[in-house]
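So, here come the structures, one by one.
Each of the two complexes below includes subunit A, the first together with subunit B, the second together with subunit C.
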Partner chain A sequence: MSVLTTYARLRAAEAGRAEPLATVRHVHLAARPFVLIPLALAGEACAPLAALVGAERERPELLIVAEPRDRTQRFAFVADLADRVLPHLDSFTRDTEEYTGRRDGAKRILTRCTEAPQILVPNPGGIAFLRLLGRSTRFRGTEGPHAVPPGVPLLGKWLTWFTDRAEFPGSSQLLAMTEALSVHWATGQSGTEDGNLASLIGWIAPPDGHDGHEAARLAEDPALRPPAGPATDPVFDHTLHELLDRYERAGTDPLRAALRHQLEKQLRSQLAPTWDLMWRGVDLLRSLPPGASVAGRWEFDRTLFTDYAAYLAETGLPQARRDHAVGAARRLARLEDATARYELARAYDDPLVMAEHELAGRAFTGVVIATDPSRMVKGPRSALFRPLVTLRTDALPPRLELGDKVKSPTRRDQPARLLAVRALPDGDAEIDLELEGGLARKRKPPAPPGCVPEPGEELCYTVLDTGHSPLAFPDDEATPWTHGGPPTPYTPTEDDADEAWE
Partner chain B sequence: MPPLSYDARKIAALTTNPGCARRAVLDAAGIDKARLAGRLGATPGAFTQSPFALTRGRAFEALVKANGYAELITLLRAELAAPVEEARVADLAAAEGDRASVRTRARATERLLKRVIAEEDSRLILDHPVLTLEIAGQTAYLEPDALSHRIGDRIHVVVIKSFAAIDGQADPRKTAAAAREAAVHVLALRRTLTGLGASADLVADQFLLVCPKDFSNRPYGRLIDLRQQLDAVEHQLRRLARAEDLAGALDADASLDLSVQGDQGPPVVSDDHLARTVESLDYLYEPGCLDFCELSRHCREKALAAGAPARLGGTVGGDLPGLDHIAVALSLAHGQAEPDEHRREVVERLRAAARLRARCLGRGVAS
Partner chain C sequence: MTGGRDMTADTPAARADAAVARVLHDVDHTTGRGVVVDSPPGAGKSTLVVRAAAHLAEGQGPVMVVAQTNEQVDDLVDRLATRHPRLRVGRLLKSGGTLPGRVRRHGNVTGAEKLSDLGTLPPVVVTTAAKWAFVKAPEGTPWGWAIVDEAYQMRSDALLRCAGLFERALFVGDPGQLDPFATVETERWAGLTWDPLRNAVDVTLAHNPRMPTRRLPVSWRLPATAAGLVGRAFYPFTPFTPGTSSADRRVRLPVPALGADPVDRVLDRAAATGWGYLRLPARHSLRVDGEVAAALATAAGRLLARGTITHCDQAPEGRELTPERIAIGVTHNDQADAVRARLSPELAGVTVDTANKLQGREFDVTLVWHPLSGRADASAFHLETGRLCVLLSRHRHACVVVARDGIRSLLDRHPSSQPLHLDVPPKFPDGWRAHQTIMEHLDRPDFLVGA
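== the complex of A and B ==
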């Protein structure tokens, strides 16, 4: 957290309302996101209890396990979930577009899906739960003595793939709502408290007549706002405990049916409020215009989705338990790369993020006060066309040095170089830049209109990423289908298929 | 009302917010903080355990100790390369429950430890032993899950937990909490042994964590290093000795008595009086308190009323050296007040932040 965020939090705390941390949306939001709210039984490693799922706000579907400690019922639940999730994933594989990419060392025409699925869960705990659910189901066999429905291992592989992608900053395939919102808003409470979706939304959009503090307090009462899972409210667990017990002991079918109905009612009451919050979160994120690089990142997500779907259709081996050393190192490098690219793209997309770099002295904003649009300088062989731009800024950017290459987010194709900095008596500074490109390939003046900034224009310049374009993604060569994706495939053994799930 | 005694969890929790004098005094005095929170009009925070977690915890411990501790002995063998000869187990939990039996178990534990020290019974595993630890003038009775026999001339503390280790990885937060508890046990055991004339080195500075493997009920064991936690706990215990002094500095009429007259009668000490006493103890609220302290919701409201920036957590407090009020920090940031010399630097940074945000959001600095 930077001083900028600290200041925003102070303001939020004082005003009783969240402060924006972004002027644009940095995540992609699908037209039809698939919302998945899992609940787990307390005390167990990974015992699904219920889930509220669906891609339509008006039609949440409730799935429950009436005997969460029963292995057969668990698999039945996963099969149910697979019946909801897999057709949704499948619906995106039909419409494709062509693009030119590299594969096997050569340029080729490839295809990718025009849209891809996006899964939304309430919080990072939801992602962790899906990861475990994927781990406990992807090795299962669909034949032989321990056969499970075919959807089970397939869903397991997909969940593993989604949860793995979720670790890559910039990927929007599986998002935790609390994290997505926290990228865009600062509240007047702590990060720990922001982990509660209800209180976080209470700060961003307090209900009428309340401020963020009050809304967040109300949201902390589990009786009013049940936890967003996967852990349930321990007080609710007492009710649940009794119902599950009675269900287990019920002798007759009608009694079981009646108890199951009660269980559904209870579990729905725990999940429904979070369902509404999830869609309010979607609305809040949609209220922001997408950042310029969001579509590019989503295109990359679409490509990876297409490739993994194709892989599952062809080979379809599950991901190994753990990556081997080389794979793990490569994955770490990709993670670092993705993080750097994402941070860079965010700064270029959003002045409020670039402001962090201004504060750190790696960027400055100024107003153009003079230009020399036809300046020529001596080059090694012949004279070079290097227009001059002078800006006035309100503070000296401390980390910039003469000769530094700089770029402006609003003029990404125009490299420039810092020539001179003159401190003015009132604390302002004048900065001379020479333009080294973006002049429509002209080698001598005049440059076409618009190529050289005009006096009066406000521009931000930064030393960030003058090397490569912030929007470029690693080419396919460097990103096999495993990019961000799962470890090396693995052939499950009998033991894997029969692994205990108690 | 007898004071609440310390247990390993409480002592371990002290290391999570070491700077708070309020908590140190309340704990040293054995005050029931959940009840106190209620009297102060705050909810005590959610520290109840789910019945499912309790059942599962008990079932797993029973499984590890079933059939003459077969699973535990196997794990000790595998993790500590213990010799194959049979270990013997003494279960000290024969009589559970009231305080007297805890004392009896503590004495029995000590007797058995003497035999282990004298190498009369080196192959003895102690189940449900009770260790004592003197803290701020009271005796805490601690109940580790088990103590291993002497292996390679070391005794290991065993902690049995029901959170799973999936592909060899357990939840790091839960593992850390288990390690803090284990450190308290190691410390108590070391003090007991040195009291009996043995060397503290007899207790390993690692503990054996036993938890379910993957998605099964099969136990998995791993040795975890404790040196760091041991330092932290020792430091806290030294501080607690001083908590008595802190409490001594209270007003003469200060009281933390939570009892009521008769069975359900009016409180002996009024709520206001309690509140005054609590407020006279310095506190150091931080968002982490919400995870472990029953008074956290009360202290949070106080921190809110006091405008303390630290309640926003993260680096907020650290970003604002010398500024301990949100409104004051903002008025300085907005140029409505001028900072003194030693706060000039931080205020300059805040002002730059305010200017930048105002420009990006197209609004006035303070609007």
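== the complex of A and C ==
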């Protein structure tokens, strides 16, 4: 935990109210998010019990499995869920826009959807559950023994795709509400306690007449605030167990219908409070203005959604059970790249995030006190145009070294290099920077006005950068002997769906 | 040598030579994919790499050497060129890179950004794993052999990117040091033999289980006072011995201590016993604990002010300790900044760095900021075995640990709780156990001074 976060948490504990960790919103919030709150049966890895779903706040739809231990009913539930989710996803594929992008190594005019779906679940446990549900459904056969409706494997592929994307920092296609909120607010409780959506929102927006401490304490009562899933409250499990048993033993259809109705009522009582919390979370996030880079990241999300929808329409093979050596290494490289980019974008978008880097010595803010806008230096072949900027700052940035490349959030296209640092007797420091670009392609002075900062301007510079060149990986067929040699290519077979059914 | 044990091998030097001869014998006669050599701290790993490179280049044709950082590559090329002045060595440079002075002075070293610019393929070509990933093998023939240095610090995905270039490999490394590092945490690949987050050796062994593993048996760096403890705590199943005896390594502090000053007293203990433990009053602190930083800076200053003399095999008559032979080891970069800010100008030569950056380096005296000092919890990161091992095994003479009181009760409150995964071989010893062993040793009047 950084010093700033520690400080914010202490202040929150003292004030009884969450402290902001961000001045802008770092996640995208869709106009029509699809809220999905799954519940699972205790004691099984992936037995769906119920879900409250919908894209409209006033119209949550409850889906339940009356007998979660019966696989046929389980997949009937998944088919129900597919009937809600798939049309929602489909609704985004109609409106498209053109853009210029690279495909197969050449520049082309491509299309992408103007909007893309966004799924919101309460917590990381919800994402983990959807991942398991995707794995258990994407290989199911639509013919032969234990056939399922076509929507089931299709939903499985989509759930796998969404949960795969959720691992990438900066992607907003599938978000856990507790995590999205924790990026923006620090509470006076521990990180583990922040995993409880009710107490987290209690800290951020305590009800009238209460402070965060009290709100969080109230949220701990499972009778008032049932858990946000996928695990259920053990006391409720008792009620559930009785109802499920009676349902199983019920001899007549009317009795079954009555019991199913009771079960629905009970499950709705468990899910409805979380439904309200999810939408309050949406309101809280909407209250923040979006960061400057959020739209760009969402555009990338939209592109990926478009491409995967097109892939499903054409080939549509399910994702392999596990990554091969090359695929895993490639994915790790993409994950690390996304992490660094997101970190940088957050710092550029948000002075409060940049402040953490300043505290850690990876950035500094100073006022321009002098410039040499027509400076030329000796280059290897000819003289180079390298204006000089001198800033005065109130602290020596310890993590910067002479020769480091730095950039400013307000002058992103202007790389600069740290030339000299002079400590002043009063503790301040003077820093000389050499501008290496952003001079309107001019090779000699004068640069157009505005290219070189003016004295009096306040600027922040940081060494944070994502200058990674793309990594080279061998093809799958060229997997070396150290990693087990080339893998057998994946071909889906009927056996993929094989499992003990009853 | 035919693999039989040489009966005259009872001095450390003879044992070390026999181990190296055995590795070279394996390399010459293997029918498999290569050999792994595990080395405890300071056991002559670099010497082995230099010998093996020359040996292979002479007997089996061109060899490629994979190191992890440019600094390591330059060190290695310098050693190779010094030891074998007639061996042509190629050094592939990063784009825009140049040969540093210590490498340029050798006439037998050529440096270039591209393989084709090195002229006819030199018998030994050295560069980083990252650079090798972009190298295309010369027409038709990949290298017969690669030597992978610091292989336990190489991530499996880095090996994947360059392993297509060679047919057999000699992996050399220290299994007790820090595992390679990733900026993302995911359990997605846990249990897969090719998990990109594992290290290069583990992945290669998982796919080539019959590859033999050899060990270097003698640590030349660690003094007799440290070898036993470091071995017990970090290498419990692969014993090694110190190359020198306590009589060979001595530390004297000619200027007497300033009264009962705790820093001076702990330095006296360290000079006499090889270990010192300065214990500050218990307190939860932020990551940067100003008092610990100040104590470390003061200790470095007092080491010089008291005119420390070290006697060892390199200087039997004794030599004065210089700032360059002192290291201060920490866990986080901001801790290093805090210590550096407190060093007086004459201490500018002291190395202050994190465990990750101290890996593979050697000093006479090290001062260590204990990873768990002042913490309220013992996270997996701070408990990591490799981190503590690196910090406590860089010294030739003495090591002083500075920490706030309460580490043992912190350990008792936080037993290891790492999730277990199917098919993931457990790592021994775990960090919790290693920390307990170390604290049990240090928490004794021979070493401990309370502040």
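Following the convention adopted for this analysis, the second predicted complex is superposed on the first by the 450 of 502 C-alpha atoms of A that agree within 3 Å, B and C clash if a C-alpha of one lies under 4 Å from a C-alpha of the other, contacts with A are read in each partner's own complex, and residues count from 1 in each chain.
We take it that a contact is a pair of C-beta atoms (placed from the backbone, for glycine too) under 8 Å apart; a residue touches a chain by one contact, two chains touch by 3 or more.
Just so it is clear, the model here is predicted, and its values are computed rather than measured.
**Q** Looking at the overlay, does A:234 come into contact with subunit B only (first), subunit C only (second), both, or neither?
**A** So A:234 only meets subunit B here.
**Q** Which partner does A:8 reach: the first (subunit B), the second (subunit C), both, or neither?
**A** A:8: touches subunit B, not subunit C.
**Q** Contact-wise, after the overlay, does A:322 reach subunit B, subunit C, both or neither (first, second, both, neither)?
**A** In the superposed model, A:322 contacts both subunit B and subunit C.
**Q** Touching A:361 in the superposition: subunit B (first), subunit C (second), both, neither?
**A** A:361: touches subunit C, not subunit B.
**Q** After lining up the shared chain so the two structures overlap, which partner does A:163 touch, if you call subunit B first and subunit C second: first, second, both or neither?
**A** neither
**Q** By residue count, which of the two partners contacts subunit A more extensively, subunit B or subunit C?
**A** Tallying touched residues of subunit A, the top partner is B.
**Q** So, A:20: does it touch subunit B (first), subunit C (second), both, or neither?
**A** first
**Q** Answer with first, second, both or neither: which of subunit B and subunit C does A:414 touch in the superposed model?
**A** Neither partner.
**Q** Considering only the touch criterion stated at the top, classify A:340 as touching first (subunit B), second (subunit C), both, or neither.
**A** A:340: touches subunit C, not subunit B.
**Q** Determine where on subunit A the residues touched by subunit B overlap those touched by subunit C, and list them.
**A** Correct list for subunit A: 3, 6, 322.
**Q** Considering the complex alone, what residue numbers of subunit B touch subunit A?
**A** 46, 48-57, 162-164, 166-167, 212, 214-218, 287-288, 290-291, 304, 309, 311-316, 319-320, 326-327, 329-330, 333, 349-350, 352-357, 359-361
**Q** Given the complex with subunit B, which residues does subunit A contribute to the contact?
**A** The touching residues are 1, 3-4, 6-11, 13-14, 20, 23, 41-46, 132, 135-136, 188-193, 213, 222, 232-235, 237-238, 240-241, 321-322, 351-352, 355, 358-359, 365, 394-395, 499-502.
**Q** Quick check on the complex: what are the subunit C residues that touch subunit A?
**A** Those residues of subunit C that touch subunit A are 33, 133-134, 156-157, 159-161, 163-164, 167, 169, 182-184, 186, 188-189, 192-197, 200, 203-204, 207-208, 286-288, 333-334, 337, 340-341.
**Q** Quick check on the complex: what are the subunit A residues that touch subunit C?
**A** Touch residues, subunit A against subunit C: 3, 6, 167, 322-326, 328-329, 331-333, 335-336, 339-340, 360-361, 398-399, 471-474, 478-485.
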